[in-house]
Structures are given as C-alpha cells and as structure tokens.
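Chain lettering (A, B, C, D and E) follows the sequence in which the chains are written, and residue indices restart at 1 in each chain.
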Amino acid sequence: MSTVSLVLWIIFLPFIAYFLGVLLLGWGKKYTARLQRRYGPYLFQVFFDSIKLLRKRTNISHGWMQDVSVLMLLGGTILTMYFVPFPGFHFFSQYGDFLVVMYLILVPSLGMALGVGETANPNGSIGISRALQMLAGYDIPFALAFIGMAMIHGSTNFYELILRQQELGIAGWGIVTNPFLGIAALFALHGMMGEKPFEVVIAPHEIATGPMTEMGGKYMGMMMITHALQVVVELTIFINLFLGGAENWITYIIKIFALFTIILSVNAVFGRFRVDDAVRFFWKIPLPLAVIGVIFVMI
Amino acid sequence: MTNEQDIINRIEAAYPDAVCKKKQERRVEACLPPDRLFDFAGRMQSHWNFPHLSAISCVDWINEGEFELVYHFWSYEEKILVSAKIRIPREEARFISITELWQPAKFFERDIHEMFGVVFEGNDDLEKYILTEWEGPPPMRKDFVTRDFANRFYHFKEYEAEWMGPQQNPQAADVQGGSNE
Amino acid sequence: MSEVLERINRSFDEPEDEHDEVREYTLFIGPNHPGIEGNFALKLSLEGDTIVRAKTDGGYLHRGFEKLMEERLFMQNIAIVCRICVPDPDPNEENYARAVEAIAGIEVPERAKWIRVLVLELSRIASHLFTFGGHAGTIGLYTMPNWSIADRDRILDLFEELTGGRVYHIYNMPGGVRRDFPDGFERRVHEVMDYIESRLPDYDDLFFNNAILRKRAEGIGVLTSDQAIRWGATGPNLRAVGIPADLRRDDTYEVYDKLEFDIPTLTGGDALDRLLVRRKEIEESIRIVRQVVDNIPSGKVWNKQPNPLKWRVPAGDAYVRTESSKGEYAYYMVSDGGQRPYRVHVRGASTTHGVHILENLLVGTRIEDASQVMFSLDACPPEVDR
Amino acid sequence: MSEKLTQRTAWNRVLDKLSGRSLWMLHYCTGCGAIELPPTMTGRFDMERFGIHPMVTPRQADILLITGYLSVKTLKRVILTYEQMQSPKWVVGFGSCTINGGMYWNSYATVKSLDQYMPVELYIAGCMPRPEAIISSFNELIDRIGRGEANSWKDYYENYDFYRKNQEHVFGGPINTRTDVKSDKETFRIQSAGK
Amino acid sequence: MKKWSILRPFDSLKFIGQKPVTIRVPFESKPTAERYRGFHINDLEKCIGCGTCAEICDNDAIRMVPMAGVEKETGKSDKRPAIDYGRCCWCGLCVDICTTNSLGMTQEYIHIDPDVNTFYILPDMEGIHKTEYPQGYTADEEVNFLDLERVPMKELQAEERKDSFIEIVKGFSKEEAQKEASRCVACGLCTDTCPAHMNIPEYIDAVWRDDIEEAGRQIYKNNPLPDVCGRICTHNCETACSIGNRGEPISIRWLKRYAMDAIPVGDYRSLVDQKVVKPLGKNIAVVGGGSSGLSAGYYLALMGYGVTIYEAYPEAGGMMRYGIPEYRLPYDVLDKDIRFIEELGVTIKTGTRVGEDVSLDRLHEENDAVLIATGFHEGRSTRTPGTDHENVYQAVDLLAKITMGEEIRVDEKIVVIGGGNVAMDIARSLGRKQMQKYGKLDVTVTSLESRDIMPADEEEILESQEEGLAFYPGRGPSEVRTADGKVTGLKTVKCTRVFDENGRFSPQFDESDVMVLEGSMVIEAIGQAPDMAYLGEFSEQLEYDGRRLKVDEYFQTSLEWLFVSGDIIKGPDVINGIATGHQAAFGIDRYLQKAAQDELETIDQVMELVVDFEERSTSYVEKALSSGSCGTDTGCRRMLARFLERKKGFAGRIRDALSERNLRIHLRQELGREQHRYFDFALLDNLPEAAELPDKAAELPESAEGTRQKGISEHLSAGYRLYNDLLRLTANKELEFLFESLRDEYHEQLRIMQDLLGI
C-alpha cells in the first residue's frame, strides 16, 4: 500500500464510515417505521441530527472530564476502526491482531463512564453500571468466539482470518464452519450494539436514556457521530469474523445491510430485558454455545 | 341479596339516632351524629359486609357554619351503596380518621385536609400533595373565590387585534401597568 | 428527567435525604419522564436496584375542577367535566349528566341511553388501546404504541363523526345526548369494530404473547385479592385478582342490564394479568358496541331541558358511579337549588390506584419495573389531581 | 431583524435548512394537550417524517411543547426544564390555555399567559389542537428555522429580568434554577434577536 | 389467545411490505367530520348581537364588541361577538344557544401564529383565514337549548266575554310565570327598544327567581304605571325579543303583569327603592293626568318636588281610563297605580280643566315649572258627507262616556269606521253593550287599510273576530246614508291604496266597487288630535316643528319653564307617555337644579363613591356595634359582628376589581351606554347621606331601640341598592360576580335585620 493511499485512507476512512453509519441508521429507522406501519424519517436523519446538535449555541458542561470523555469516545472509536479491516484497507490490521481491537473497543465505554461520572446524574450512573454488567454478559461469549475463530484458523490476525475464509467461499465462512461460535457471537454483537432486547443501557422509560441523560448539544453531537461509527465498526468486526470479510465494497455493503437488518428485525419486535435477565440470558445461551463451539474446535 | 329497606332497618336498629332514607335504587343515605361514625364505619366493614370505601366527600355549608363529610360505602355482595353523612363545625374543623379501618381513606382524608382544611386525627400523612406551591387558604372552601383570586393574581392578555381599530382599545394611557402587578 | 427533579426537590421541597448513611439513595422519576403516565412524579428510595420506599407526587395537573364547577352554570359544566380524565373522558360526561338527572329527576330518552353506552364502550376501547401502547413503551416495544395508538385513532374518527370532537366530545348532557347518529354511522361503527377485532391477533403476536412481556410482566406488582379489596382497587385491577366486580353489572346504569357481555377475570393479580384483563375487555366492549348498534331503538335523543341560562336544579345530592376503563369513577354532586352545582366531588378511578396502591406495589419491585407497574394499574394522574 | 437575515452567509443558510430537519421535542406532558401527541408521534400521523422525535431529557431537546394549561407547580418544573435546554430552543404553546388561560381562566391553580414566563415561538389554536394542526405547526417552525427567523429563544436571555420577575410573582418568592442565564449569555455571546 | 412463544412476534414482520396507515399530513389529509367543531363563523347580517353566546360561554371567551358600520335598530344591537381563541374550548354551546342561528362552526381548525393578537377574532362568514371551508357544527332543531314556545295565556272564551266588561286575560299562575320567565336569555335588546328602557331582563330574572319584590323594584325604576303597562302596553319589547327570531318571543308584558299582580297594593311603598330623599321646596304643575303626566309626577315627586297634576276629567288616568275599555284595563288596576303615585305626595286636582278652571298663566306664576302632558282627546272626523248627523259619533267621546257610566245610545246595527286599536275598543265595547241590551251583537268594522296593514294589534283583531264582529277592511267611507233623518248605513268604496310610494298618506279609491254597510249608528274612530286651546297667548310665543311643539331632548320648549311630554310629543301610546314623562321630569330637574344631576362619566367617580360608601359603612357598623345601636338584641349584635368581619375586604375588593384594566374598560363602556341616561345616579349622590342615616338614628334615646335598628336596616338597604344598581349597570361577568356577591351580602344581612325587626 502506497504511502499516499495510506494517508488518504487514514483521512477519509472515518468519513466513509460515518457516511455508511448514517445510511445504516437511516435505513434502520425506515425499516422499523415500516414495520410500525408508518413512513419514518429522512434517510439521512442522523446526519441532520448531528449537524443540528453541533450547531447548538449553548453547551452545558459539567467539567473537563466530560469534554475529555467525548474525545475518548470519538477517538477510541476511530482508532478501533483503523484496526478493523475494511475492503481495500487493512494496513493496521495486518500488524495489530484482534486482541488489540478487543482492547480498544473498551476505550469508548471507559470514556463514557468517566464522562457520565462527571455529570453526577443518578440515571447516568445507573446506565453506566448497567453497561458494565452488560459488558460482563456479552464480552465473554464474544471473546470466546474470537478465540475459537483464532484456533480454527491458527491466527489472531484479522486479515489472515479473512483471507482464510475467502479461500473457501461461503463454505469457509466462520458462521458455516462453526455455527455455534457464529450464533454466540451474533447474540453478543446484538448485545454490544445495545439493540433490543438488550437496550437496558439506554432504556428511556426506565432511566431516561441513562448515560446520555446529561449529554446535550455538542456532546450529544459527538456521541451521535460516534454511534454511527460504532455501528459500522461492530458490524464489520462480525462480518470479518464470521461472514468471510468483505471482498469488495459491494459485497461488504450487502453483507453489512443484511446483517443489520437481521438485528433490526429482532429489535423491532421485542421489548427489552431487565439487566439481570439480559446477563443471565447471555450466560445461558450464547456462553454455552460459545463454549461448545470452542470445544468443537478443540476436538 | 338484601334490599335497601333491610339495610335501613339494620342501621336504624343499631343506631337509633341515625336518620336513614333510600335515595334511589341501590343508594341509601344515613345521617349520623359525628361521634357514631367511627363505630358505624367499623361495623359497616366487619359486620355488614361493606368492604369498599368508595370515597369520602366534603361539603362546605358555609351558611350553617358546618362541614359535611360523606362516606360512601359499597358492598360487593349486597350491591348497595350507603352514604353516611356527618356534620362537623366549620371553625377549626377536626375529625377522627378512619385510616385504621380503611387504607384508601388516607388519600381521601389528605385531600380533604388540603382542600378544606379539615384535620383528621389519626392520619399520619396529612402533608400537602397537590397544592405544594400554594400558600393561600384551602381553596375548596366556599369563602375562597377563585375568580377574584385569578383576576388579581394572574396576567391576562390585552389583545390588540387588527380589526379592533383604535376605538375599542381606548384606555391605553388611562390605566397603564394596572394589571401587571 | 431525574436530574431536573433532583434539583427541584433539593432546592424547593425538602432537605437532604436522611437515609444517606445507609445504602439507600433517592431517585426521582417524573414529572418529565416517558415512563410516567402523564404529568406525575415518583420519589423512590432505592437499595441497589430495588425500591424500598415509594412516594407519589401529584398535583402537576391540578386545575381546581371542583371549584370551577361551582362557579359555572349546570349546562356550562358539560364543557369542562370531560377534561378531568384525558384518555377516557366520557365517564366524566356520563357521571355529570347522570348526577344532574338524578338530582333533578330528569328522564332520558331510551335512544340516548343506548347512545351513551355506545360512547362509553368506544371510549373504553380507545383508552385500553392507549394503555397498551403505554405499557409496551415501558418495556421498550415501540412497535406496539405505533400500532395501537394508530388504531385508536379509528375510534377517535368515529367520535369526531358522532360528536364533532376528536378527544373531548362534550356530548353527554343532562337529559340525553347532543346529537343523533349521522347517516350511515352504524355501518362505520361496524367497520371500525371489525377492523379492531382483526387487529387483536396481531397484537397478540406482537405484544401479549411476546416472550419478553411474559418474562417482564409476570409476577410484577402482584396484588392479592385481599389486598385489592383492602386497598380499594376497582375495575380491571380488581378483576385481575379474580373478583368479577363490574359496576356495569352491579350498579347498573343506562341500558347495561339489557346487554349481553361477560366480565373477564384472571387470578394472577400481577401486571401481566391486569394487562390481559384489559385485552379481554376490548373483546367484550366490541360485543357491546355491536349489540348497541344493532338494537338501538329509534326516537329522540334529548328531552328538552329549561333554558340553560335560567336553570335551577332542585336541592339534593347524588352519588353516581360509572365503570370507566380505569375502574370506578364516581361523582358526588350536591345542589342547593341554585343555578350552579353547590359541590361536585370527583372520585377518579386512579385516586386509589395512582396513589395508595401504586406506592404499596412499588415497594420491592425493581427500578426498571416501576413504570410498568404504573401503566399496568393504568393510573391516570389528572383524575387524581383534578 | 431583516438586516440580520441578510447577514446570514450562504453556508449558514444551508446549515439552517439542515438543522430544521432535525427537531427533538421534549417528551413532557405538561397538560391535557399531550393526549394528541402520541397519535402525532405514532403510526397515524408519524411526525418523524419531518425529523421530529421525542426526547426524554431536556439537555437534548430543541422544542418544549407546553401542551395546554400549566399549573403553578408544573410551571416551576417547566422553567427548570426550559433553562436546562440548550439554545437554540423553541417553545410551542398548545391551544387556548397557553394564550389567555383557556377554560381555566378563573382557576386559582393555573397560569394564564405563557409568554409572561418564557418566550413562545408559536401558538397553535385549538382545545386541544389536532395532530394535523400540531404537524402544521412543526412545519411552520421548520420553515422559520430555515429562514433564520425563529429567534424567540434569544428573548429569554435578553429580557431575563422580565421573565424572572413574572416567575417570581407566581411562585411568591425567588427561585433557584441553578442555570445562570445571564452568564450563559456572556459565555456564548448570544446577541439580541433585535426585538 | 394462543400460547406465547419466542418466535410469534416475528409474525409482525409481515407488515414491512404493507402500505403504512399514516396519513401524510400536510401532503394528504383525512376529511374532517361533517359536524366538526372548528373555528367559528358568524353571519353578521343575521346576527343581532344579543350576546347570548357570551352568556353561555363558560370561558368568557366571547365578548360583545361594538362593530364599525353596524347601527342599533329594533331587535338588533350594535355589537357583535368577538371570540378569544385564548379562551375558547370549542364546546359549541354558543352555537346551540344562538338565538338567530347565525353562529356556526366550520371544519377549519388550523391556526398557527407567533402573534397572540391573531387569536382574537371577530368571526364573519369568511372564516378566520378568509378561505372557504365546509360548514361544520351547526345548530340542531332537535337539541335546542332555547325554549321557543310560549306558555299559553289563559283567556276568557269569546262566548263568555262578549257580553261583559270583565277582564279577558286571566294572567299567569306562579308556575306559568316562572316557566315563561325561564325562557329569557337576558340579552337586553328589549331594554334598548322599550321607550322607557325598562330593566326587563332584570325583572324577568326576578320573576324567575320568585323574588317578586325585586321584580317590582326593577319595574318601578323606569315605569310608575306598571299595572297598566302589564296589560295594555304596545310591547315593542316583544317585537325586539331575540327569542322571537326562532320562536315566539317572551310574553314580557304578561310577566310584568304577573309581577305586579302578585304584589299587594299596600306593599308598593316598601318595594320602591327610590325614596323621596330631599324635599326641595319647589313646585311643578303638570297639566294632564294621563300616563305621561302621572309618570312625570312620580319621578318629580321622587326628586323632591311638589307636584300638582291638573286633570280635566273627574278622575285621573287620561286615555288609560277614558280611552281603554274596562275589559282590557280594569279600573281598579289603574287606581292601584294612581293611588300609589298619590301616596308619594303628588296632588291630583281632578275636574280642573286648565284654560277654563285655571289658566296656564296662573300655573306659571304659582309654580317653578309647568309640564303639559295633555293627550289626544279630540276625535278626528272623516269629513265624509253626512258625518254631521247626530247619530254619527266620535269613538273617544263614546268611550269616555262609557267609562263615566253615562247612558249612551246603542242601536241594533252599528258601523265603526277605523282599523286602529281605538276602533277595536269602541266596536267591542258597543258589541258588549248590544249583547247586554239586545242579546245579540251586530257591529261592522270597516277600515281604509286592508287586513294585513291594519294598525290595530293582531291579537285585538283576532279577538274581535272571535267575538263576532264583522270586518270589511280595505274600504273607504264615501257617504253616511240617511233616510227620514235617520242613519241607515254607510256607503263605502274599495280602497286601492292607502299610502303612496313615499309612505305618505294618500288614499285612492275604486269608485265602481260600492258597498253599503247597514247600520243606524256610525262611529268614527280614525284617529285623535290634541286640543291645545289652553295654551292661550303662549301659543304664539312657542316655536313649532311642523304641527308639534318644538322641544329639545329634555322636552323643554322654547319657553324655558314649559315642558311638554306625552302623546303630543311622541306616540301615542302609554309606554311612550311614561318614557317622555320620565325624561321630561329629568329635564325639569336639570333645568331647576342645573348641574345637580351631572352624569357620572368616569369610572374613578364611581370608584370613589363606592369605596367611600364602603369606608363610611364600615366605620358606621363599627360604631353601631360599639355604641349599642342594637340595644339588648343579641341577634342583631351577632349579625353586625359577623357582617363586619365579612365586609372588611369589600373596599379592597372593589378597588382591586376596578383597578383591573379589563374591568375598567368594561364599566366605562357600560356607563357610556345610552340607556343609563335613565339610570338614577341620584342614588349614588345620596349614598353618603344613606350612610349617615343610621348615625342619626343612633343618637336617639335608648327607648327608641326599634328606630335605631331601623337605621341599620336602612343603611344595609342602601348598600344593597348600590350594588344592585352597579350590578345592573355592568354587563361584565367578573364585575357582576363581584357586585352580586357584595349585594347578596347586604341583602342577607338586611333580611336578618328585617326578621329581627319583624318587618
């Protein structure tokens, strides 16, 4: 990869991912709206939201930690993104394996926790504690899925994983070679994305959007952007692990929309679990599945 | 199932000083001396099978200087509603609470306390509920005139619509700032 | 928005919580909170996620109706009574009209009685659909409100056609109702009823048989039959503990004694059963509406009353009760023989559900179920505040 | 006012238009008009078509709907909420009660003219307004934002003393909202709407 | 219901492919219901500005505002409803009660504006945004708030009545009267139309409340001959009645009659709150004891003047006695009214014809002012050939003779010429005489006017027909036929028109259509003329305006001591007589007192007066309490103590209310209303005195306990009247409410006091 193209990728990847994220979220809103027998917002609604939020004139801050936390959110997410291979861009992912990703993906959550702690809102605190509980729920199955995939392919490197899967076509996809791990990871992904029934962190009817309660104006704008990026990153990780990665942008977009639609379908027809039920669910179904998957691999 | 007359007979037998009458279908009214009410309520609940306290209403008979408290009891089996009426003096009104017998009475009594200023002895929660921002007299008393209060206290619009022209809005200079305070 | 309330309560209401040293903390839910039905607030003391003490805080919707009614003519009041309970306004109109009729001894034409039943039942369906939406919202199932509230609009369309108003109908008045059916109204009622009925299986699929709802609502806010009676529960909340009490039967009014309908009961007494009782009531209401439309006698709809500007109602008092969608709705009206009611006491169905029962049921439940408990009781704050 | 309009750069014009496509309303049912909000939000009328979405916290909300009458008790919460909202923010008054007291004109418990306590961007006639009217009002608001005319919120910073005086009159004493409106005006350099 | 399952919710995914149920407002819309209650429209042409909508509005959202380009006319006010959409709740009660069906609602419901002023509108047919919208909620015939049907009045049947002079109309019973009174919407259009501007809504309301005393008080304010008016008034008010637009107007006249009949004669004095307060030592002569003279005498007496009425006939009453037959107005009823006026100190010199028995000049010398209130007593002749025959009579002469009990000639066949009320009166009177004399009735009535434009009251004509009178309308007399020196009949020809295009009297006849009406006696009843011979030399000094005397608005002639009122100025009818008499009394007082009766123009004056009264009153009550005015009466003392407690805030409340801008504007507008020229501001002037009255009483010795208590009650009644008047003055709900509550407070204490005194 030439230096020029690398620099260009580094510069433009966040924008591309943001654009993709906006589209995905817009599609999500439209899709859900249809299910709810209505039309739904503009496709680029999230973009408009971000613009509006960033143009807010006043901005109530609860201290410098809140500012830092937002930067940590955005920065952490972008950094994670660089280590996740996208079609045509896998410079960093050649060097950093997905253990790095596993580590980096925690940075935004941490930033969030710090910032919300600063706002001293009980709802926020409850939200963060829920987020951490949820983490305990979905992270282990996800990590196990990672480990299982690494064991299958003998590598912890994303790029190599993708190449291995692509060699065999669909039959080589992680979800086919080890459906246990794939399904466990799908559940974990669902939890990671915080879609219903695992929406406990935000839960407007319970804790008034939890961590976001005190985030307004530009903070909220940054969070919106981060959210759009996170959606892309999380879905891409799953695609890379279990859906054979992306050969090119077309298949990538098809895969990412298809995957997101599956998640949305579940999201739209279920309510949310209680936090303990959610964690219990993760430990009851995805975790055993993942363990079986790993055992299966080991055999 | 008993009919209204049976209930009346029963009440009158137990409380000779009660004045009962059938108001309409399934409605019986019993006027009692205030000191018999607690006893009456207890008997209604435990002996006569009236487990449901539908409401406690208060009426301010200002000209007579009395508050009237009306306790509405309903029996799921007899399907009859007995309204027990008592009158207490209006000045420094106090009455005994029936929360011991009926828990829903807590709120009804609290409400009456708030709106009429009747103190119920034995109700431990007579805090303000609805009118926490209110400092005036208990508003449901007849001597409080809400219209006067609102006129004095709040700001009303003085329209200057186009069609009105100058002649309908003549006193602009006359009473400037009169109503803002 | 809890932070707002926290601040408010710190700055205005009360000193710092004295339970700070134990592991309790206080959380305010509402009045600006989507998990609250209307403008209402809960002050919760929590230990971890569990509520150990709950206090309701109402009065945000207080307008002083009872006072306002004392200052308005008997006929003028028909315009304001419906505002007392917003989601289910018709029991108010019904109660008011019936109270005046009882005191003044006014006869109501037979047809008007049937129309009143129709209006009350339509209103019950609308109100239940609204509650389903709210309840589904509390567990995050936003598809359900989108459906049920849109379907409720069909009923509002019927109301609009019949009464001229979507939400506030101002239709019942002493002596009868204000207008007769418009042309072809019966047919459209049938259409809407068919539509609502056809939607019920969809609701079942999405909501009532949803695993998450079952998981979350079962065993939440359990009311035993003993408690229900002792705490003064009425309406669907009472029927959900297995007591088939219904004022339409027990304290019958209008023409309910001529109609066939069942009183659905369940025995669980938890949030789920309260919800399912309402679900079943919709079917019964549809049945009643169909009977009314098919069997309604012809005739006039209003018995002439005196000029409303010069109308005195003889002295007397009456306690009238209506089975609203939320429970027992009662008016105690006193007339001193003047042109205005001397006193009207509004006993909203939610005065017991929304304060005493809610406060008691919340204890022991977890924070995430608080709003579910409130919605399952269908507590309507304006009824409490008046 | 018109001078200010012409001063908008083309860039700002575009951004104004885009911002208008996203309005978050505070999900606060202050009065009975709120009963028409669920139909407006949900399937039948679907206001999300215009990018309007209910939000649960004032920090994130742009529009404060005063859905009808305001009891004094609620007014206190509304003012706190309003001051917590981030500017630009708009108040929409629903129906008669917000204009001149509505049917509660003689009630001791409700305030009569909303614009005495906070600047109001738009009023909707009705008791209560129908969903169609609510959506029309949102469209009107979006247009005004797009044209850069929706500046009523600046009035609160400008005439803070007036509003605060009226608020305190109703509450019968000073209130502490913890939002320092005056220093916000300095910090964020909010200029007058030119009123 | 099926059992629950994890997979079941996924069934809902089927809706993804379906068309949403959303109505894409504003790109598509759902039609509004036909009876939707949207914005108001008002047909300004049809609207009469009765203000009933404003009355029923429970939100005070409708205000009646003067509208440019709309003039006051009979049954229409110059105001139109304006609607405040900052108050309206779209209940539609205003539509249901509208007396003309002019108010309606459209299906339009969207109005969004940052400017609150656009929410205050004056609805017209174009709608709030001048765009076409279909009509929404409209009034319904079945559900109609107004009572459109009169309570029928019981009358003697034609057979029973046609041979006697017993009064025909029986009058209302209490229940009937209350029911009839309850139909009233108190719009006040009748007051504007009534020449005397009687407080009609007020007394109807009092009748409805069964407060007969109050009714009497209200009636006596503007009408000293209520018993008469309750029977024979031309009731212009009923023409104006707003209920009449959709149904039958209120029987205002009968209600007045009911109220007056219900009061025993002896109670009149205690009813009338306008007492003679300040004897002024000035005398006024009134010429003519008819309605106008009596009315003027009454009011002048109240103002403290010495009044002498000179009446030519043996008894006072003028045309009311000598022109109107007994079956319409029994003499004892008339006597009741006159006796009361006499009781007030008015001297009536009967049988004294000015110009003959006493000259006008002498009256001028002996009195400070002279009012001439002579009526129309000279019958006009048709000047048809043959009318100089002795068997051709003037109706007025015959009527007077009947009244005086003189024997008159009654033939078997009589012809009456004339289509007015006098013609009906004489025809029916003669009919009765015939019945008494011959047992059968044969009276023929012929008039120039055809049936539809006959000037007599419709009910009069109908009743006459019932009684069996023969009518030949639309015929002009051309000759009285005589044979053998006896009248045999009247030759008439067809009249083709009575008035020309300009409405001037100019009859045309069709000479070919001849008809002879047989009869041996012909009565002319085509009108009367005044006889003003008594003016003597003054007649040359006076200025004339056409045939009538030229007067200013206070009926002062060009001779400043001479005033004119009654039929010779306006009318002729009773109510105009009363009204002009009142007005002339007002003018005389003004002339004699100059600025004594200055109208109170500014609200501050009213406020000052009221607050002053309140303060005096409070200090008085305090004094009365401490000085022991009640003597040993504990009830009285308790009453005073309680009253004092209650009235502490009164002055403040008044001051607060009147410092409200809205209310000030209201009251100001009300004060400017024309009818309040008749408002007796003397009461306000006398308030301080009223406040002092009891003070004086308190100085009386201990033994006069009752007297001193009377002082208190007098004081209370002054307060009561003050607020009652203010209440009448205002049409604003808030003020009404305030004044009413204050008035009731005084009233209640007064009642208690009277009970104590045993009054």
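Points to keep in mind about this one:
Convention: a residue touches a chain if its C-beta (ideal position, glycine included) is under 8 Å from a C-beta of that chain, and two chains touch if they have at least 3 such contacts.
Computed from a predicted model, the values in this text were never measured in an experiment.
Listed by label, the chains that touch chain B and also chain C are D, E. The fewest steps needed to get from chain C to chain D, moving only between touching chains, is 1. When you average the Cα atoms of each chain and compare centres, the chain farthest from chain D turns out to be E. Among the other chains, E has the CA centre that is most remote from the centre of chain A.
Of the two chain pairs examined here, C-E and B-E, it is C-E that is joined by more C-beta pairs in contact. Averaging C-alpha coordinates per chain places the centre of chain A 59 Å away from that of chain B.
Averaging C-alpha coordinates per chain places the centre of chain D 53 Å away from that of chain E. Chain B and chain D have CA centres that are 37 Å apart. Centroids built from CA atoms put chain C at 43 Å from chain A.
Of all residues in chain C, those that touch two or more other chains are 1, 3, 33-34, 59, 62, 64, 67-68, 71, 79-80, 143, 146-147, 150, 168, 206, 210-211, 213, 385. Within chain D, the positions touching two or more other chains are listed as 42-44, 46, 49, 56-58, 73, 76, 84, 99-101, 103, 105-109, 127, 130. Annotation for chain B: residues 130-132, 139, 144, 146-147, 151, 156-157 touch two or more other chains. Contact topology of the protein chains: irregular, matching none of line, ring, star or complete. Taken together, the chains touch in the following pairs: A-C, A-D, A-E, B-C, B-D, B-E, C-D, C-E, D-E.
For chain B in complex with chain E, the residues that touch the partner chain are 145, 147-148, 151-152, 156-165, 167-168, 170-171, 174-175, 178-179. Of all the residues in chain A, the ones that touch chain E in their complex are 31, 33-39, 265, 268-270.
Looking at the complex, you find that chain A touches chain D at residues 29, 33, 36-42, 45, 47-49, 51-53, 55-60, 204, 208-209, 212-217, 220. Residues 13, 57-59, 62, 64, 66-68, 70-71, 102, 229-232, 234, 243, 245, 250-251, 317-319, 321, 328, 330, 332, 334, 342-343, 345, 347, 351-352, 355-356, 385 of chain C touch chain B in their complex.
The touching residues of chain D, when paired with chain B in their complex, are 72-73, 76, 99-101, 105-109, 111-113, 116, 166, 169-172.
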